[in-house]
């Protein structure tokens, strides 16, 4: 017997489908598919395949089905439209889009190049990175699930900023690489097979809309951070190579220790021993963020590598981690 | 100094772009880009990159530029619209679509599920497989460049049928696999990266629109041929595995000899020694069709493997081979 | 609390590592790594990663650890050496190699091109395809886990042979395609990245060592079956396209019904509705074998497509399914 | 008629095979294969495929065949053994390994972790980056063909250092990504298909043996440069994302102009217009190095992206460009 029903809008997209898969295996919830707009074709399914119940998305459906949580795996404009309705209907909302991640509508407009249509919700939305603020998440009604790039970036960068080990004048470089699923399932030339395969390209330098989430959560200035987003010809996975300089760090061990202390009780952050580095393979289909370091004390050059599965810790897995907090389940339920 | 100017419509698609690349390196022609409808975004180009001249596609352009040949690397419906205009304007037309490959409009309608809008041209179009009918091609005004699958299939199957070695009752299986570029550059869900990568799927069994080209050119009955089209997660290349049974063949050598005799003077058909088989790598970016055989005399089981680059011998390369015939250049010019 | 300890030899190979992952999530067993020969480098692991206990592989270890089952994810020659020792030490053995799949040493020698070094075990080994003989598996001491290709082939072909719908004279074609992990983790030129990527090749025609498993289990004559093994540039997954002719089948529905009746109670065989076909994506990381059909009553041409994940239903998953039978757990435990 | 014969040792490796292909199409040379040690299996070839003449590698062969140039596409230790012999036999030597790229044996030992066995040749070897020193190359007897990573790095970084626009205290980050062919054709676990596909990993931070070539040619201090080498799951291509800070640059235009002035007469360096960036696709199978820039004048953050085909401009193409200089052919012969 499942304790709660939870709804998913946008269940045919890559993040949404991943989320439905995770929720189906979660022992205490039952996912309900909320059909909103059929922007993607359904996949053919085997005869008799167990599919979650599907109902039309509406405030009434939320009430009738007694949905405790509604996940919005939708574009930002759809999330801005649906979030108020779902909240009014009594559900808590976990939004996987960028709609509610920033603190004010001006910042949103600057980075998303469009007006925010539900600015009144920005102040009550809680940024859902559990490693940074799980208590507030547990109390929230509207959770802004973090972007995939910022999840890997903030878990690696924030401890560096907070501990003051970075030589600030030299800045921080975050060279980020992502699999193609991060761009969603909607067909576009840039994500069609023939354009991506056998290729590697930088598609956003300095101005990626995920940048303000890093500035906000890691407390780093825009002028300090050089962030580049690049496309790897793989389906899923993010690896970020972060460069900085430090005169205060004494050794690679000291750098690794900084992360050890910070994350010793975190179930989803794993550290690599000195001399090794994480890769995308190691986090495939997991909710882990893997971190490894390299430091050259003679010159002060430092590198931190951070890897996640963009569809799990970078989207659906973290969303379910947030649901576990909201519904008072063990935080790791269904995720280990 | 180039002898002729030739036009290319559809130069942003995969076949069209490949063709422009080949024509640019051809010593005796100058390609002119004929802008028709901008269905694909242009790629960013380096500063000063040498690009062919581009003009608006029209009968006047054909006359003003004195285009000897116009290539149509367009969908069938566009080819049916443009071919008559280009012919009237005095150019010879080499069409890479399926518009003019079949002999009558009824057969076209059956396989393409739409009415033919220029049926009067079907009787004068010549099927452009040079290995089968280069003399007629050299005289033609309208050349229907063969489909990619039928090119690999007919070069392998026709000699078997013609020589009578196949046990006809057992039929012929053609298990065909293609890279994704065969589906064109237009963004669609089925050819988006996330759907194709890490996957392999059969997408057409018996009813692929290329089937009638095999029936026509190899003189095989539809009831005899089991043709399946499948998608490999690679950009370019076709490999077809062809199965039949033979009581009349005495040995694998005899099977290979049959091809040797047939293709001994053909510059673009290569045979593999017994014990080896061609693969897609071996024909990458070449105009070759590579063929290898396996035969078990004790049981009569035979396999023929045929490989081409679908964008070269299966499209742009063969189109230029046909142009060489039409313009009376050496047939291999620019292709070896 | 886990009911049983089970050992895994060859846990660094692709099948072995997959098996350790599955066993770790199985609620009633604890896997023990049996270190035999370190032919592969270990992967770097995060600090504190939960790894199963590892001991040196020996009969004493089997006794000391009270191993109920020992899995051999080893090459055939190693399995022939270890199986008798593990059986003598009191464990049941599930062997993932080809060592014990065939019924006599002469057949083994013919297909594997080497002498069998433990022929006395061939008569007591049970072929571990649960859908065909789960009662005998449950009683067995030595289980020969089926090959990956034959698993997909037999589940599709045996019902056709058994029901007599195939026109036997025309033969059966099994055009099989596999991801690269089927060849194991040991570095070889043929499976190195540069040789496989952007390529597709047939590597075995008629003489693949998995062929006799199909002859044996589907009761088909060697002369009737044309089996080709081909390499797809993906890591995991098998798709087999099976061709035959039938004068006795009345319709595609009748063909599908034949499978429905046969597999209606099977938890791991799924059928696709008419008009759709399975693909490799659909079985990724599952223990399912997905089957779909196409039949043209006018001509008698039939195609059956069968797909599995070669590392799960084709290796580790099926091995755990067999363990569930041997240890009297629900057959699907840990696999759905 | 070809003017010169040139020999290739290591013609079965990826760089060597690429070089043989380029030389075969060069109008003025005839390649001779010099069989040294058969470390790789030959590929099956079609019957009658035109293969260059092959002779055993020896000083006598150099004399008998009157080889004007010998290319060594061999590991560094083999190059150190063969180079003196080939030079003594009267050939000019273009070495594609790292054996002769550094200026002294101490630096070599530090980065290559082994003793140099032909240190007397280090002083006469000329570093073969034509854009930096084509006059010296034209006169050289022993040319050290540059490493793949340093080719892309130096063409991008050296103009920045030389012009003094970099804020030196903040350092330079070179985040480099390469296709797998850069690691050679010899089978190893790290480059086997199953380890690389669906993955992305950093394999060398600060200590890649190509680093000293960048320090040497760009005149940058080791302490300033943070260089990371990473593996993309593609066969060929390198993209490097280079980060620095500048208070002296006034605009992105000024940054691009710096490259325009430097490379205006270079046939193989192409620049991308502001607002666009090069990718690996754009240099595939070409000898170009494509460079694009991004600069934010408000904060001083700068990014330069540099892309090459590692097997062409990063190896075989540049080697043939050097041969063109040595043999007094037009520098672009066979390369455009």
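Letters A, B, C and D mark the chains as written, and numbering starts fresh at 1 in each.
Note that in this section contacts are C-beta pairs under 8 Å (C-beta built on N, C-alpha and C of every residue); 3 or more make two chains touch, one makes a residue touch a chain.
In UniProt terms the chains read A, B, C, D = N-acetyl-gamma-glutamyl-phosphate reductase.
Everything numeric in this text was worked out from a predicted model, so none of it was measured.
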Common touching chains of chain D and chain C: A, B
Chain located farthest away, centre of chain C as origin (C-alpha): D
Between chain B and chain A, distance of the C-alpha-averaged centres to the nearest whole Å: 45
Cα-centroid distance, chain B relative to chain D, in whole angstrom: 37
Intercentroid distance (Cα basis), chain C paired with chain B, Å: 39
Of all residues in chain B, the ones touching two or more other chains: 197-198, 233-235, 277
Footprint of chain C on chain D - complex, ascending: 14, 40-41, 180-181, 185, 187-189, 191-198, 233-235
In the complex, chain A residues that touch chain D: 169-171, 173, 175, 177, 195, 197-202, 205-206, 222-223, 226, 228, 230, 232-235, 237, 239, 241, 243, 245, 277, 279-281, 284, 294, 296, 298-301, 303, 305
Partner chain C, residues of chain A touching it in the complex: 43-44, 46-49, 198, 260, 270-273, 276-278, 282, 285, 288, 290
